[in-house]
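Data block below; observations after.
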Amino acid sequence: MTIRVAIAGSRGKMGSEAVKTVCNREGMELVAALDYKHVGDSLAELEMFPSNLDVPIYTNLTQLITESKPDVLIDLTNPHSVYEHTKEAMLHNVRTVVGTTGFTDEQLEELTNLAKVGKVGCIIAPNFAIGAVLMMKFAKEAAKYMPHVEIIELHHDRKLDAPSGTGKKTAQMIAEVREATKQGHEFETETMPGARGADFEGMRIHSVRLPGLVAHQEVLFGGEGQMLTIRHDSYNRESFMGGVVYCVEKVMTLEELVYGLENIL
Amino acid sequence: MTIRVAIAGSRGKMGSEAVKTVCNREGMELVAALDYKHVGDSLAELEMFPSNLDVPIYTNLTQLITESKPDVLIDLTNPHSVYEHTKEAMLHNVRTVVGTTGFTDEQLEELTNLAKVGKVGCIIAPNFAIGAVLMMKFAKEAAKYMPHVEIIELHHDRKLDAPSGTGKKTAQMIAEVREATKQGHEFETETMPGARGADFEGMRIHSVRLPGLVAHQEVLFGGEGQMLTIRHDSYNRESFMGGVVYCVEKVMTLEELVYGLENIL
Amino acid sequence: MTIRVAIAGSRGKMGSEAVKTVCNREGMELVAALDYKHVGDSLAELEMFPSNLDVPIYTNLTQLITESKPDVLIDLTNPHSVYEHTKEAMLHNVRTVVGTTGFTDEQLEELTNLAKVGKVGCIIAPNFAIGAVLMMKFAKEAAKYMPHVEIIELHHDRKLDAPSGTGKKTAQMIAEVREATKQGHEFETETMPGARGADFEGMRIHSVRLPGLVAHQEVLFGGEGQMLTIRHDSYNRESFMGGVVYCVEKVMTLEELVYGLENIL
Amino acid sequence: MTIRVAIAGSRGKMGSEAVKTVCNREGMELVAALDYKHVGDSLAELEMFPSNLDVPIYTNLTQLITESKPDVLIDLTNPHSVYEHTKEAMLHNVRTVVGTTGFTDEQLEELTNLAKVGKVGCIIAPNFAIGAVLMMKFAKEAAKYMPHVEIIELHHDRKLDAPSGTGKKTAQMIAEVREATKQGHEFETETMPGARGADFEGMRIHSVRLPGLVAHQEVLFGGEGQMLTIRHDSYNRESFMGGVVYCVEKVMTLEELVYGLENIL
């Protein structure tokens, strides 16, 4: 059976990659695109897509669903739109795969309930890179047995904030399974401030910023006489597409909302 | 409750480390040592141990059990002795933690049955380094989602065989969850033989041997636009002792035989 | 003083990057392009370049030199053209920066002599990535003091040949400063053929091929109780442009032919 | 010709390793030991050495030199003693290899002059690990071409100070060849203080402390589309002995004082 897919946000960086991915994927068919404004009747009209990509563009989701009958809506827009889209899709029994963060707790709760009641699958994935999600999942498990952890995350020097979202998320996930504990020597001193990095419940997080880097992270676990290191390197946006494909296939089997790829891997 | 521990093979490299570890561990007490020949009445008499280490040495396991009443026997001798020891210990309802490989399938089956019938815990761990076992466990799980894998194992240049046991074991565990698949370019050629490493069901294994190295392994998973790397570094024998301690505590809760630390992590 | 630059091969992958780089570089001006066939009168006419890039395209180098008066010709075409171009440029006292390999020894000798006699600078760089060249240079120097070496090169799985050109080149450079020596244990055996990699005068070279990887190399030096590792990661073609810029500036100060970036770093 | 070697500080951690190293080294002979107090007439009397190690122990350096006629004195004691020893050795035309830091500028100047006048070689090496010294040397050279640098140094969690001495030394050496420059995004912010590490003229230094680690350092250089990484791993004290041997052989050819192994590699 071919999965009929619609994509919201198809002109964005992630969205246009997703268009390409779905079109090239056996077992999937791109049946419609959703845009917030009128930019043409078909993706074929847009310069960024091949001129034979005859996929209708809608600005109204209900109309899209009625006419194109998608099984899954991939939503790569912004939190506000996603919330509205997801609700509406659920009411029409269309599954959703969402690649954004920034929902309020109330919105998440409402969507979770809607999914449960309607028995309609929904996956919300702040991070589609399967390798990154595995890294976090493994890090959380490893910390049970090797609780001394430090995180080094490395990004290009155009990044504004330190530490990275993935760095913080990893630390939070680890914190769920280990008690806060002061690491390093009891009397250790920084002769240059900041050398020991940021402190998250005793875990240290170090942010490297250099031109040339893309998005990388290492989680280091130390134990007597040994080290365990889990590293993820993300080289480009293609790294997310494997996760999108996985979610589209997986959501067909779900009857509830799942938040975070780590919960279905 | 203090766990009463006996150690077989206490004069060996691993065994003498285990003596130290058990003695320093809160919640454990070293109550006896087992040797295959008479070397003294007490560990205190041996030059390699502190002269106040007043732990009786036995050459007969039944006598040891009767007089010292251990809860757990840590056996760090050889496969043949271990088989006999474990059987006897089980019959006396003493749990065992075994750090050796080389059992025959028949022996393993017999011990497994004995454990089940007697409801007496037994852990056989070819590798006590928790970090290494986690590496293998994670590698197996990651391969489900990122099936393109290569293994690089790095050891000191006094090692005789390549690839390492851990390298092979990792490949075998991964092979359980992915189909054999040719990796690399369909028409790839080695202009220098051996460059692409050893081939295990399509996975490539590379063995690095250099002075200075101890025992290290990297498992690399490649996907579109990303890499996941899991690495273990073992710097010295202390790396095994965390696993020994973990097993001694864990075996107290088991009523069967478990083969491989990965099955109780 | 602004350096007047002409580029041969401007429609190629490297060439089009070079066009962009020279245009954006302070202190350089792109004054002409050389093509082997007529594709337009100006780069502005080509779809791949901005429509305001008003740089004349020539198919005849002598005419290009006479009319555009370049200080430096960057040649990113093929060995045969480059040889002819470089000779002609030298006769007109125009310096050249060449990014190709595949010259015959006779051609190299002739060009070297021409450069010397005419006192006109020429740089031939098989590899423009400064980081990769530094890696090879350092590897050669390190091998004098730590002669036990292994090379791991890692590339995407669309690569046809193993080991990589850079891997071989590194081994050759190292071989110039150390005697061939059997590495590893005297009696080491491969229980799986190929595990120990390719053998280059005792150095082992390992080729990893995985999707997701781009172009990476590690050179590992082992000594008693220590390891030195030199690693280069190339993420995209931009990595070559820093070297192109460096060479254009450097060639202005040269009065001879230099082969290999490592000889001017 | 066999080099006659004397060792000061032979009962210390480094000193006792040096005794072993010199004894096992072809082309060297251990002819005497210097101690600050009487502990026996011969190393053979000390429990830590083999009972056939018949090497006389002196408490007076002049007497040692007169009777044992060493070519080289290896001094692994403390700065104060070393200063006195080195002066005296030089006056008797005995070369010295010194593994300590903490000299005052005046002392260094005096010893430098004495060496020059007497044409007697002397090597003062704050770090004998050849791999670490090469790392620093290469880092300094690489920074000329790739000035964006960050340093990650990793040590066991019993270390008191952060960053490490080697980390600081590396940063200082790099600072000699590049201008201070703010790295990272102009408007970057730390959402958790310390994440971006310590700041040394724009270079960031990150200190990782974990059980299991020994002494490691990575220097990362970023450029457009590429990374160069130089890493040193020190696993145990043996890593220093290669440097000691190198210095003893090298000092035989010197007629002046050299400070820092990097200046003779």
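The first chain written gets the first letter, and so on, giving A, B, C and D; residue counts start at 1 in each chain.
By definition in this document, a residue touches a chain if its C-beta (ideal position, glycine included) is under 8 Å from a C-beta of that chain, and two chains touch if they have at least 3 such contacts.
Here's who's who by UniProt: A, B, C, D = 4-hydroxy-tetrahydrodipicolinate reductase.
Everything quoted here is computed from the prediction, not taken from an experiment.
Chemist: How short can a path of touching chains from subunit B to subunit D be, counted in steps?
Modeler: 1
Chemist: With centres defined as the mean of C-alpha atoms, identify the chain lying farthest from subunit A.
Modeler: Checked the centroid distances; the maximum from subunit A is D.
Chemist: Counting in whole Å, what is the centre-to-centre distance of subunit B and subunit C, each centre being its mean C-alpha position?
Modeler: 48
Chemist: When the C-alpha atoms of subunit A and subunit C are each averaged to a single point, how far apart are the two points in Å?
Modeler: 38
Chemist: So the centre of each chain is just the mean of its C-alpha atoms; given that, what is the distance between subunit A and subunit B in Å?
Modeler: Centre-to-centre distance between subunit A and subunit B: 37 Å.
Chemist: Listing for subunit B: what residues touch at least two other chains?
Modeler: Where subunit B meets two or more other chains at a single residue, that happens at 212, 221, 223-227, 233, 235, 239.
Chemist: Taking touching chains as linked, do they make an open path (line), a single closed cycle (ring), a hub with spokes (star), an all-linked set (complete), or other?
Modeler: Looks like everything touches everything, fully connected.
Chemist: Write out the stretch or stretches of subunit D touching subunit C in their complex.
Modeler: Listed in rising order, the residues are 129-132, 134-135, 138, 141-142, 145-146, 221, 223-242, 246, 265.
Chemist: Inside the complex, what are the residues of subunit A that reach subunit D?
Modeler: 148-150, 152, 154, 157-163, 168, 183-185, 187-200, 204-213, 220-227
Chemist: What part of subunit B is in contact with subunit D in the complex they form?
Modeler: Answer in residue numbers: 212, 214, 233, 235, 239.
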